[in-house]
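Below are structures written as C-alpha cells.
Shared between the two complexes below is chain A, which pairs with chain B and chain C, respectively.
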Partner chain A sequence: MADPRLLELRDVTVTFPVRAGPWRRVAGQVRAVDRVNLSVASGESLGLVGESGCGKTTLAKVAAALLKPSSGEVWFEGERLSAMTGSRLRQMRRRWQLIFQDPANALNPRFTVRQAIEEPLIIHRLDGTVADRRNTVAALLDKVGLAETFADRLPSELSGGERQRVVIARALAVQPRLLICDEPIASLDVSIGAQMLELLRDLQRREHLSYLFISHDLRSVASMAHRVAVMYLGAVVEVASTEALFRVPWHPYTELLLRSAFQPLSAQGVAGGEAPSALHLSSGCRFRARCPLAEQICVDQEPALIPKNPPYEPALRLAPPSVGLAQGSASPRLVACHKRP
Partner chain B sequence: MSALLEIRHLSIGYRTDGGLLRAVDDVSLTVPAGQTVGLVGESGSGKSTLALAVTRLLPSPPAEMLGGAILFEGRDLLNATTQELQAIRGGQIGYVFQEPATSLNPVYTVGTQLLEAIHLHTPHRGAAATEYAVDLLTRVGMPDPAQRLRAYPHELSGGMKQRVMLAMAIAAQPKLLIADEPTTALDVTIQVQILQLLQRLQDELSLSLLFISHDWHLVESLADSVGVMQTGRLVEFGPRDVVLRQPTHPYTRHLLQSVPAVPWLEGP
Partner chain C sequence: MARPRLWHNRLAAAGLTIVGLLIVVAAAAPLIARHDPSAIDLLHPLDPPSGQHWLGTDSLGRDVWSRWIYGARISLEVGVIAVGIALLIGTLIGAMAGYYGGWIDSVLMRCVDVMLCIPTFFLLLAVIAFLQPGIGTIMVVIGITGWMGIARLVRAEVLTLKEREFIQAARGLGASDARIILRHLLPNAIAPILVAGTLGIGGAILTESALSFLGLGVQPPTPSWGNMLIEAKATLGVAWWLTVYPGLAILITVLGFNLLGEGLREQWGRR
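Presenting the complex of A and B:
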C-alpha cells in the first residue's frame, strides 16, 4: 500500500530573530519550533495541544506552506513542498486549507460574506456561473449553520462566532483534503461548537478529510482527534492515541495539562515559577524548571525528541474518534522524557 | 451588598439594511461590588454588544440605544458626558476585548501601547512607568516581560496578545473589569494562572468582574452568579450553583448538555 501519510513534517525547525534595544537590533534567535516530526494520515485527525506560545500556530503555518521552515522538510502526498515549482505549489494549495486562530484577521473587512466565500472559488477557478456560485455559497453557509441572509453582511456586522463560521465555510469551498484548524471553535458557544465539531467529523466520514486540529480545549480535542501530539516550548514531547493519552498521560507536562483542565480551580496548586520562555531554553530537558520529577540527568541531558518516521502507523479505523478505535489498536506512544521513556 | 454596576431593562439595536436588529432585548442584571458575574450564551446573542455598551463603546450608527439604564456606582452612564466616559474607560472600568489581535495596534510595540495606558490612567512616569509595565506583564504570566515590551503584536502568539490586553486592562486598577472571553486563546495551565491572578486582584482591590465565556468549567470556577443569554434576552440569571445544578430555562440545560464528554476521564 502507498504511504498513508498525507502530511509529513520531518525535523522541522523554525527560528525567528529576537530584537532588543532601542533600535531593535537582532539580539538572538527564538526557536519557535524545534526539530518536530509529525504526520497526518489520510482520513485521520491529529490533535495538537500545548502551552500558549509553544509554537502551534507557527507549525500550522509551516504545514500550510505559508511559512518556510528554517530547516527540515514538509511533504504532502509524497511530494516535498520545497521541491515544488511555483505553479505546482499553487495547484496544490487548494488541497489544504488553514482556519486561522483569529477570525477577525482572517476576513477582509471590505468583503461581504458572499465575496469572502467566493474568493477562493474564483482563485482556484471553481466558480462556474453566477447562479452556481450563489448556490454554492448558500450551501456552504447552510453547512455551517448560517442563513443565506448573512451573505450580504460585512464582517463588522457579525458576532465573533458568526465570523468564525464564515471562515470555516470559506475553507470548505475548495474541497480540501486537509484542514488545518487553529482554535476553530474557541469563539463559539458550546452548543454551536459541538455542532461544528459534529460537522467536521461528518465531513471526515463522508469525504475522508484529514485534520490537524489545534486547540486549548482538551474536551474538543478528545472528541475530534485519533491521535494527539503535545508540544512544549517548540518541541513535541508526547504523541499517543487519544485514549491512551487521556487515560494515562506519560509526559509530566501532559499530566499537568490534564490536571489543569479537569480539576476545579480550588484543587490546583498555586501556579508558581517563571513563565516558560523559548528565548532562554535551559540546558537539558525544556520542562525541567516546572517538572516535579526532575533529577540530575534532566539537567545534564536533553531527552531524545520524537524521532523521524516513527515506527508506528496511525491507529486509524475511521470510526468516530471518541467511540471505536480505542480497544487494542492503540499505537505505541512516544515520549520525550528521561523518566517515562 | 451594594451594586457596582446595575443594568436596567437595557435594549440595544443595530440598524441594518434589513431593518432594526434587536441585539440586546430588555436585559437587567447586577454586578455587586467585589463579585464576579459570568455571562454565557449563544454565539450572536448580544453578549459583546452588552459589554461594549456599558461605557458606550458601540459606534452609533449602526448601534442604537433603545432604552433602559446603565448605573455605575449609581450614576447613569447613558447620560454621562464624553469626558466622564473617557475617564471611566480604562480607568474605573477596564476591558479585555474578545479579539486581542484587533484591539492591539499593529504598528506600535507592546511597550508603547501599555505605557500609553499607564500614562493615561496612573501617576507612574518615566522609569517608574516602565517598571510598572514590566511588573504588569509579569503578573499576567508573560515570559521575558522586559524583552516583550519591544515586540510588535505580530511577533507574539495569540495567548501572549491576550495577556498584553489583560495587563492593559488592569493597569489602572479598575473597580470593574469587563472581560470578553479573556482566556479562550490561552492554554489551560496559563488559564489557571490568570484565574488565580484575577482572584487575587479581586481580594486585593475588591475588583468586580463581568466576564463572558463559553467555558462552563471557567464559569464554575470563577463566577458568583451566572447569566445566560439567547437571541438578545437574558433567559436565566441567578447564583452559580442554582444555574449550574438546577437550571430552569431549557436553553441553559441544552448548553450544559452540549459540553463534549471525555469518556475516559470524568472525575479526576
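Presenting the complex of A and C:
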C-alpha cells in the first residue's frame, strides 16, 4: 500500500549565512528553520501558523523544493526530493504546486492569462494540440470561477482576486496532489479573501487536493486546516488537530497567539514582548524570554516535541531527546512544553 | 502605443527621424545614387559640387554623393551587426552570471573587468593586427570588444528580476533554466537592452569610421565614411567637400542614434 503521507519533512534545518564587514565574511548563521518534522497526509489540510519572520515562507520553499534544506530530508510520496536534481526533480514538480502570497508578483507581466496557464501544460507535455490546450485552459478557468474571456488579458488588467484565481488555475494545470499555499489571502481584502478560502475548500473536495496552508491569520487557518502546526523562531512548538488546538492550547506560545487573535486588545494583558533574533539564539528553550512559565530548567535544556494525548497527562515539561514523532495514535498532540494542570 | 509618446519627446522624435531617413537612404541607395560609387573618372578629379556631381568628385573622379550614400549603407550595416554581436555575447554572459550567481558570476564578471581594463581602441588594433582588415572583420571585432557594458546591464536586470515570484513560480512549474532565462527573464529585461543597443550603434559607427580612417577598417574601393575621410586628407587644402560631407554624416548619424537611445531610455524610465 502506498504511503498515506504525501509530503514529509524530516529534521529539516535551513541556515543562511550572515555576511558582515568590509570583506563580507561569514559572520554567523541564521537558523530560519530549525529541525522541523512535519507531514501532510493525502486529502489533509495542514495549517502552519506563526508570527512574521518565524520561517514560514522559508519552510514553504523547502516543502516546494524551491530551496534545498541545509540539513534534513524532504520526501514526497515515498521519494526523497532532497537527493533529486535536474530533470528528475522538474518532472516531480507537477505533483505539488506553490500558491504565492502576492499574485501580482507571481505572474509574468508579459504573459496573458492563457500563456500563463498554458506554460505548465507545455512544460510537462500534457496537451498535444493547440485546440486541446485551448479547451484545458477554458476548463481550468472555469474551475477557479473565471470566464474564458479572461484568457487573453494581461495580469495588469486583472484585480487581485482574479490574479490569485489565475495563479490557482495555473497550479491546477499539472493536476497536483498537494498545494502549498503561502499566505494566499494576505494580500487580498477581507471579502475577496473569504471567497478565496471558499474556492480552496471547494477545490479540495472536487480535486482531492491536500494543502499545506500557511498563514499568520488564525481565523483562516481555523477554517481551512484539519491539523495545525505552530511555529516559533524557526521551530515547530506544537502540532495538534485544529479543534484541540483552538480549544485547549498547550504550548504557552500557542496560547499567546490565540489570545492575541481572538480577544480584544484590552483583555490581552501583557503583550509578551518581542521575539529574540534568530541570529543569536540563546541556550535552552527559544521561547523562554517571553514565556510566563519560564523556569531555570528552560535555560538549561531545550524541549523536544513529544506526543501527548489530551486531556491532562501528568505534566511533562521536557521530553527525553530520544522521543521522536509518533504517528498514528488516535489524536496525537505534539508539544514541546505545556502548562502544568 | 510607443510611437505617440516617443513623438512627444522632441529630441527623441528628431533622433527617430534621422535614423529613419538614414535607413531609407541606405535601403534605396541604388535608386538615389546618380553614379556607380566605384566608377573612376580620371578626366574629372576633384570637381567641386555641381549639378552633375551634387557633392563633387574625389581625387579619382568618383562621385562623392554616390559614395556618401553607399557609405551610409556600410555604416548602418556595421553598426547594427556589430551591436547585434555585442548584444548576443553580452546578454548571454550577463544572463548566465546573474541567473546562476556564485562562482559562475564571479568568473564571468572578472572577465568583464579584465576586458574593460584594456583600452578599447588598443584592443581593437591588437585584434585587427591578427586578422584581415575588411567589413566582416570589423563587425566581429567591434562586437567582441563592445559587449561588456551590456553584460553588466543584463546581469543587473536579471539579478532584480530573479527575486520576483513569477520566476520562482516558473521554477516551481518545472521550467528548465533555459526556459526561465529565455521566456521569463530576458523578455522582461528587453527595454534597457534595447536602449543600450541603440546607444551602442552610434558608438559602433564612430569606431568603424575611426578604424577605417586608420586604414584598418573597411577597405577601398568599398566606400565608408571613415575611408572617405582618409582619402580626402591629402587634398584637404583644395577640396573641402571631400571631408565636410562624410564628417557631417558621421556626426548626424551618431547624434541620431544617441537621441533615439536617450528618448527610449526616458520613455521606459530606467537607468
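As a convention for this text, the second predicted complex is superposed on the first by the 283 of 341 C-alpha atoms of A that agree within 3 Å, B and C clash if a C-alpha of one lies under 4 Å from a C-alpha of the other, contacts with A are read in each partner's own complex, and residues count from 1 in each chain.
One rule holds for everything that comes next: a contact is a pair of C-beta atoms (placed from the backbone, for glycine too) under 8 Å apart; a residue touches a chain by one contact, two chains touch by 3 or more.
Computed from a predicted structure; not experimentally measured.
Of the two partner chains, chain B is the only one touched by A:160; chain C is not. Judged by the touch definition given at the top, the superposed model places A:105 against both chain B and chain C.
With both structures placed on the common chain, the touch criterion links A:49 to chain B but leaves chain C unconnected. Shared-chain residue A:69: touches no atom of chain B or chain C. Once the two complexes are overlaid on the shared chain, A:222 sits against chain B while remaining clear of chain C. Counted by residues of chain A touched, the larger count belongs to B, out of chain B and chain C. In the superposed model, A:123 lies in contact with chain C only, and not with chain B. When the two structures are aligned on the shared chain, A:90 is found in touch with chain C, with no touch to chain B.
Looking at the shared chain after the overlay, A:256 reaches chain B, while chain C stays out of its contact range. In the superposition on chain A, chain A positions 101-102, 105 are in contact with chain B in one complex as well as with chain C in the other. Every residue of chain C that touches chain A in the complex is listed here, in rising order: 164-166, 168-176, 179, 183-184, 187-188. Listed in rising order, the residues of chain A touching chain B in the complex are 16, 18-21, 24, 49-54, 57, 101-105, 149, 152-153, 157-162, 183, 186-194, 197, 216-220, 222-223, 243, 246-247, 256-266, 268, 270-271, 274-280, 322.
Residues of chain A that touch chain C in their complex: 61, 64, 66, 87, 90-91, 93-94, 97-98, 100-102, 105-110, 119-120, 123-124, 167, 170, 174.
Only residues 14, 16-18, 40-45, 48, 62, 98-102, 138, 141-144, 147, 150-151, 155-160, 181, 184-193, 195-196, 199, 214-217, 220-222, 254-255, 258-265, 268 of chain B touch chain A when the two sit together in their complex.
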